[in-house]
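Presented below are the structures under discussion, each in the form of structure tokens.
Next, two complexes with subunit A in common: one pairs it with subunit B, the other with subunit C.
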Partner chain A sequence: MNLTLLKAELQKVWSRPIFELTLGLVFLISLNSTSTLFEIATQSDLQSKFSTLVAESFVNIMSFQMLPLVLFCGLIVSLSFARDYEQGQMQTLLSLPVSRASLFAVKFAAVVIPLALVSWGVTVFVVLLNFSTAANNLVVIQSAAWALPITFLAVMFYAGLAVVISLALKRTIPSVLTTLITGFFVSFVTTLRVEVIGDIANYLVFTPYKAPTVALGRVLGMRYPEAGYENALPAWGFLVLIVFYALLLLVPAYLYFTRKFEVKE
Partner chain B sequence: MNITRVGLVLLVVGLILLMNASSSHVSGHLTVSYDYLDEGETQSYVILTAPVGPANMCIGLPPSRPSSMPAGFSQYDLTDVPVHMKFTDTNNKSIAEQDVITPYCFDVDFNARGVYRVYITNKGNETTSMPLGIIFDFHNPANREADKYLLSIALTALGAAITGAGFVINFVSKHRKQHKP
Partner chain C sequence: MTEFTEVLGEFENLVKRFNTTEALSGLSFKIYKGINGLIGPNGAGKTTTIKLSLGLIKADAGRAEVFGFDCWKESLQIRRKIGVLYEKVAYYDHLTGLEHLKLIAKLKGIPDPAAESRKVLRLVELEEEAYSRKVKGYSAGMRQRLGLAHALLGDPELVILDEPSSNLDPLGRARVIEVVNKLKKEEGFSFLISSHILPELERVCEHVVLMHKGKAIREGRLEQLLAEVAPQAFTIKAEPAEPLIELLEAEECVKEVRLDGDVLFAVVTDAEAFKKRLPVLVSKAEASLEEVKVAGRDLESLFKVAVTGG
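Take a look at the complex of A and B:
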């Protein structure tokens, strides 16, 4: 990967106030999705209660972060891909002595890595703020270690979706709007319950928007209802599922970008 | 990332944290009861808490029931049970230790984040449940999380200072450039 190009791309897409807005919104939502630490337990239950609280916090925060991450992915990917097409900068970039694959990797990484790190960093900061005690920091750190790859894979899927939309529309505003509408719609659909849409609501745990939170919950040992579909797959099954989702839209977008369908060097 | 931007990020984080931490998020009444206590038996409760300040702790106070159920409905909700209680802080240092008759309420101050412990020994001659209740005032500002509040003020002040310094440095450097021949 070309580091100079990556640095330039990072500066371009994360310019003021995109980074500040992303961090602010993700932090606000994360902070409001956790409650003040106050639990009464018995001595024998203390460790399991604490682990459950930490796991629930991670899963809750990740679940609430979904919508802002989808929205910001749409916005930033559109600024990275669609705007370059719209302003004619893509031709300039493709005329550089850099392969298309490398250019795609740079553009994708410039969005996904900072966004995943912001999301994960904020999550860990909020959980540490709530649960940091000398005796229990290790549990938080262990949970945080699992949250990083899962956050990264979730953001990869959101970014993949936004890249597909940007490559299809190639105009900044329509791309941003389409991604925002898609994000809102999918977020709304994943909140539907059995009472509204019947048994199909149970299968929403396998969708790309719910699977990462379930994967994290299962890995961290959260208990779901016995008959719940969260228990239909083992923890590694959900991990495989989110890896699949992460690549699902990324691979076609990559192939489309590298096969020189439209813009020639 | 220049210094103004670092300051701005700290300011944003500090202000959001300040907004959240400046009010109380614990209010009302929480009562729990685990096992039954035979005579001479000791029950230890663990309170895992943030530094949320003053509260009222009640030993042996039955949970509130629907009005149709008379007090003492269960044979295990006994009052006037002599117990020995011990309350320790996050450093396992004893704060209160005495013989009392239930229901017994006393003021506590959760001033540190961590684990507080309450040990209750049944000194009566009957088996009984031994609920532990914590009562907070309704949205009392004194019940905000002290450490989060301090951190938010520190981040906000630091962010404001760095942003201000960044603006001054930018202004001075622009001014110097303008005066260069």
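Take a look at the complex of A and C:
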């Protein structure tokens, strides 16, 4: 990957107020998601339930962060790909002696890496706020270590989706709107219960929206109801599933960009 | 005078369609070492040709090679040897002019990016105080000059300028032309300049390609092409013009007549016969002849003649 170009793209994509807004919103939502847990934790026998509480805390924060992540991912990817196309920056970059593969990787990484790091960093920070006495505890470190790649994979799926939309529409506003609407729709669908949509609701744990949090819960040893579909796959099965989702749209988007993409306007 | 022997690029029977519109319909021409002009009205296919030469779009049919490399499959090799300034100038606006050029110089693999960036900024005569100003604060003229500097980084073997002065006022245009002329003479750069503003190209181009509806309708040394035009085109001022147009159109020696404002532009096949017939036709049309001139030896006349197939 071209680090010089990556640095320039990072500065451009995360210029004010995008970074501040992302960080602020993710932080607020993360704090909000842990308040109940904090009360329970303080009233319970902290040591005996520590592992479970930490795991639940990570999963809970990640679950709450999913919607803002989806929305910001769509917004920032659209700004990076569609706006660049519209304003002529894409043709300027594609006219330089930089390979298309490298340019795609840079533009993708410039969105995914900071977004995943913000999400993960805020999660770890909030967990540490909750369990401030346990900063060196192995459970927290282990949970944080698992949360990092899983967050990356989750963000990669939504970034891939947003890239596909941006490359197809090639217009900033329609791309932003389509990715936001898609994000809201995906989020809404996963809130549907068995009472509303029947048994299908149980399968929602396998969707790209839910699978990362279930994967994290499973690898951290969280217990789900015996009959729950969360137990239908082993922990590594969920990990494979989210790796598959991460690549599902990214690979076609990459192949299209490097082999077929044209700057027609 | 430049001898057009060294071919830098070659395009043969290029076809490119965008949905139902055919942007290029069998375009063939060559780019030579020196200053090449790509001339044509808006929609002639000039920008499409430039994008195609850099591998930004793929031809539906035909052969496109620059420096012997296929423009789509080996565009990276081509882009290493080319500098380009597009009509739509878009850069990293959050950087200063100097920072932007240093970034591009690094991407081009230039050993001393800072020194090279300062060199090209001096070449395009951008004021030194602008070096440290963010690009988003630049005027249209400054952006255009920064764009030219961007295109010149690393002494490219060919510099492509797509409508380099379309966003500029007359002074700005003249300045761009001056800079191009100077760079050709003093630095030996080769250019491919596309424009629909013909007088400006006339001042710099040595080899021109006239494009119309996605095809090259004329190609050659500018002087040579201009020499062919003069006896073939006339401008006529007559009052009223309409009856005369009808009569001229019926004449065998007249290929085409067009009314440009209040001036008739006639392309003829036999200038001597036309000169003899014109007074007769004027009197037949009961018009008064105010002025007859052989059309100027300029690109505009050349283009008008070429479009009519003269």
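Convention: the second predicted complex is superposed on the first by the 245 of 265 C-alpha atoms of A that agree within 3 Å, B and C clash if a C-alpha of one lies under 4 Å from a C-alpha of the other, contacts with A are read in each partner's own complex, and residues count from 1 in each chain.
In this section, a residue touches a chain if its C-beta (ideal position, glycine included) is under 8 Å from a C-beta of that chain, and two chains touch if they have at least 3 such contacts.
On a predicted model such as this, the values are computed, not experimentally measured, just so you know.
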Contacts of A:92 with subunit B and subunit C, given as first, second, both or neither: second
Which of subunit B and subunit C A:105 touches, first, second, both or neither: neither
After superposition on the shared chain, which partner residues are touched by A:243: those of subunit B (first), subunit C (second), both, or neither? neither
Of subunit B and subunit C, the chain that contacts the larger number of subunit A residues: B
Which superposed partner A:27 touches (first subunit B, second subunit C, both, neither): first
Which partner does A:132 reach: the first (subunit B), the second (subunit C), both, or neither? first
Should A:232 be classified as contacting the first partner (subunit B), the second (subunit C), both, or neither? neither
Counting only touches as set out at the top, which of subunit B and subunit C does A:113 meet: first, second, both, neither? neither
Can you check the complex and tell me which residues of subunit A touch subunit B? 16, 19-20, 23-24, 27-28, 31-32, 35-43, 45-46, 49-50, 53, 129-130, 132-135
Of all residues in subunit A, those that touch subunit C in their complex: 2, 4-5, 8, 11-12, 15, 84, 87-89, 91-92, 94-99, 262-264
Write out the stretch or stretches of subunit B touching subunit A in their complex. 5, 8-9, 12-13, 16-17, 20, 25-26, 30, 32, 34-35, 43-50, 52, 90, 113-115, 117, 132, 134, 145, 148, 151
Give every residue of subunit C touching subunit A within the complex, in rising order. 18, 51, 54-58, 76, 79-80, 82, 84, 86, 88-92, 94-95, 103-104, 106-109
